[in-house]
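What follows is a set of structures for review.
The same subunit A turns up in both complexes below, where it pairs with subunit B and then with subunit C.
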Partner chain A sequence: MNLLVDFCQWLNDLPPSQTLAESEWAFPIVESVHVLALGLVAGTVALVDLRVLGLALGDIRLTAVARRLLPLTWGGFAVMALTGGALFASEAVKLSHNPLFLLKLVLLLLAGLNAWVFHATVYRRVAVWEQAPVAPAQARVAAITSLATWTAIIIAGRFIAYVH
Partner chain B sequence: MKLAHLMALPLALLTVAPALAHHSFSAEFDGKKPVRLVGKISKIEWTNPHSYFYLEVAGRDGKTATWACESGGPGALSRRGWKKGDVKIGDTLIVDGYLAKDGAHLIDARRLKLPDGRQIYGGTPGDGGPGDNANG
Partner chain C sequence: MLENLFRWLGATPVGLYMRDSDWGFASVETVHLLGLTALGGAVVVAHLAGAGVILRQSSPAAVQRGLRGFGTGALVALIVSGVLLVSSKPIRYYLDGAFRIKMLLLALAIASSIALYRAFANTDAPSPALRGAALLSLGLWLSVGVAGRIIGFL
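Showing the complex of A and B:
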């Protein structure tokens, strides 16, 4: 735990972190790019989830939807992680004891874990069920979990600004 | 039906959020509790998204306490003519602001009187607090 605190302090004190923290324009611009990238990630993830649930893109095969959107999800994720990392570095010490920020990290982990389990299990047999009118229960649970988790990530992220 | 309920919950939460998001002043500070702090600066955080100036303030009981004065970020303050080096540790600031709702030693600094006599608006642009005209 002490190591973690030291790490946050070290990260916070790095010259680029300080430059971003004290900048007039860079911080809000990086923040905006972070939100745009988040929109791309949550948006494409939601489309796949809604397709699994049979609520959107019903006339396109799930595998086709996933194949086309996944590169956008990963691209958005890379930009989101990069800008998020930079923003974190600029206020690492404050954020390290912000409960909403920690909650957001846990939720991100949960979203990743949920997606990984989905792809490693039920999605492996997608060829068997993608033509069926209703997706298997496990796939639907994963889709609902994903939608709920990303919604919670966005709410937790926004509320970081309102706690100390 | 179950799914509709599940999806309605986050939507309901989101309709609550904007009320706070557009008025970060009232989310944390009490507009009915104005306060004036006078003290020497012990720490300066010229940082995004808010700057903080820590003052050593003598209370009515004679004890000195550290108070945090929250104000706009570097961009907002710079556009009002206040540059990073304009105040230093040990300088005396006179700050008019509003107390935090949670009782912490924290105020939202609306007007700051610098050592050189300049008075600068300290609010965060668009926070909806007293004196906010969202002009950055």
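Showing the complex of A and C:
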């Protein structure tokens, strides 16, 4: 635990972290890019979830939707992780005490785990059920879990700024 | 006249609640952010499919038709939550340059998206000009988001 505190302090004291924390314009710009990238990640994830649930893009095959949107999701994720890492470094000590920041990290892990389980299990057999009118229960549960988790990530992320 | 409308909005019970409540603004702002995420996904996919960047095997019209319900729902949530946010400090927003620019860009983005939706629905082979227009319209939506973020800093 002490190691983690020391790490946050070290990260916080790095010259680029200090520059970001003190700059009047850099922080808002990086934060804006973070929010827009998050929109791309959660937005494309939500569309795949809604396609699984039959609520959007009904005329397009699920595999086509998933394959074409995944590069957008990963591209957005890379930008989100980079900007998120920079934002964290600039306030590492403060954020490490923020319960909503920790909750957001746990939720991100949960979202990743849920996606991984979905792809490793029921999505492997997608060719069997893709043409069916309703996706298997396991796929629908994964889609609903994903939508709920990303909603919670956004709520937790926004409220980080309101909790001290 | 427009200023009176903003003034009236701030004096309604909802406006007074949004002004005085500690968590009202934060909660509605979060709903606004969720709506932005949902609309962002639909807008990016609909426009990139129109531009021929993704989902090339499907017709842009089919992609856009499949996103219409979800995207419209997200836009309605954004507008309702946006009006609530404005009602908390209507005159501040009314006088804010970034807010005025955002509203102008928003009107343009909605109009261009509806026009593009109709144009793509009427063609099986979109022209390069129509595909380029989809990219421009996407840029318009991006500028709405950036202008919105700037409002928060002023």
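Note that in this section the second predicted complex is superposed on the first by the 164 of 164 C-alpha atoms of A that agree within 3 Å, B and C clash if a C-alpha of one lies under 4 Å from a C-alpha of the other, contacts with A are read in each partner's own complex, and residues count from 1 in each chain.
Here is the rule we go by: a contact is a pair of C-beta atoms (placed from the backbone, for glycine too) under 8 Å apart; a residue touches a chain by one contact, two chains touch by 3 or more.
Bear in mind the structure is a predicted one, so any value in this text is a computation, not a measurement.
J.: Where does A:134 make contact in the superposed view: on subunit B (first), on subunit C (second), on both, or on neither?
T.: A:134 sits against neither subunit B nor subunit C.
J.: Now for A:42: first (subunit B), second (subunit C), both, or neither, which partner does it touch?
T.: second
J.: Looking at A:23 after the superposition, I want to know if it touches subunit B, subunit C, both of them or none. Which is it: first, second, both, neither?
T.: A:23 sits against subunit B, while subunit C stays out of touch.
J.: Given the touch rule stated above, what does A:113 touch, subunit B (first), subunit C (second), both, or neither?
T.: neither
J.: Kindly classify A:144 by the partners it touches after superposition: subunit B alone (first), subunit C alone (second), both, or neither?
T.: Touch partner of A:144: subunit B, not subunit C.
J.: Look at the residues of subunit A and decide whether subunit B or subunit C touches more of them.
T.: C
J.: In the overlay, answer first, second, both or neither for which of subunit B and subunit C A:162 touches.
T.: It touches subunit B and subunit C both.
J.: For A:53, decide between first (touching subunit B), second (touching subunit C), both and neither.
T.: A:53: touches subunit B, not subunit C.
J.: A:32 in the overlay: touching subunit B, subunit C, both, or neither? Say first, second, both or neither.
T.: Touch status of A:32: second partner only.
J.: Let me test your reading of the model: by the given contact rule, A:91 touches which partner, first (subunit B), second (subunit C), both or neither?
T.: first
J.: Can you give me the overlap between the subunit B contact set and the subunit C contact set on subunit A?
T.: The overlap between the subunit B and subunit C interfaces on subunit A comprises residues 28, 31, 151, 155, 158-159, 162.
J.: If you look only at subunit A, which of its residues touch subunit C in the complex?
T.: 28, 31-32, 35-36, 38-40, 42-47, 50, 55-60, 64-65, 68-69, 72, 150-151, 154-155, 158-159, 162
J.: Name, in rising order, each residue of subunit A that touches subunit B in their complex.
T.: 20-25, 27-28, 31, 53, 90-91, 144, 147-148, 151-152, 155, 158-159, 161-162, 164
J.: Under the stated contact criterion, what part of subunit C meets subunit A in this complex?
T.: 26, 29-30, 33-34, 36-42, 44-45, 48, 54-55, 57-58, 62-63, 65-67, 69-70, 142, 145-146, 149, 153
J.: Give the list of subunit B residues in touch with subunit A in this complex.
T.: 3, 6-7, 10, 13-14, 17, 20-21, 24, 27-28, 46-49, 73-75, 78, 84, 104, 106
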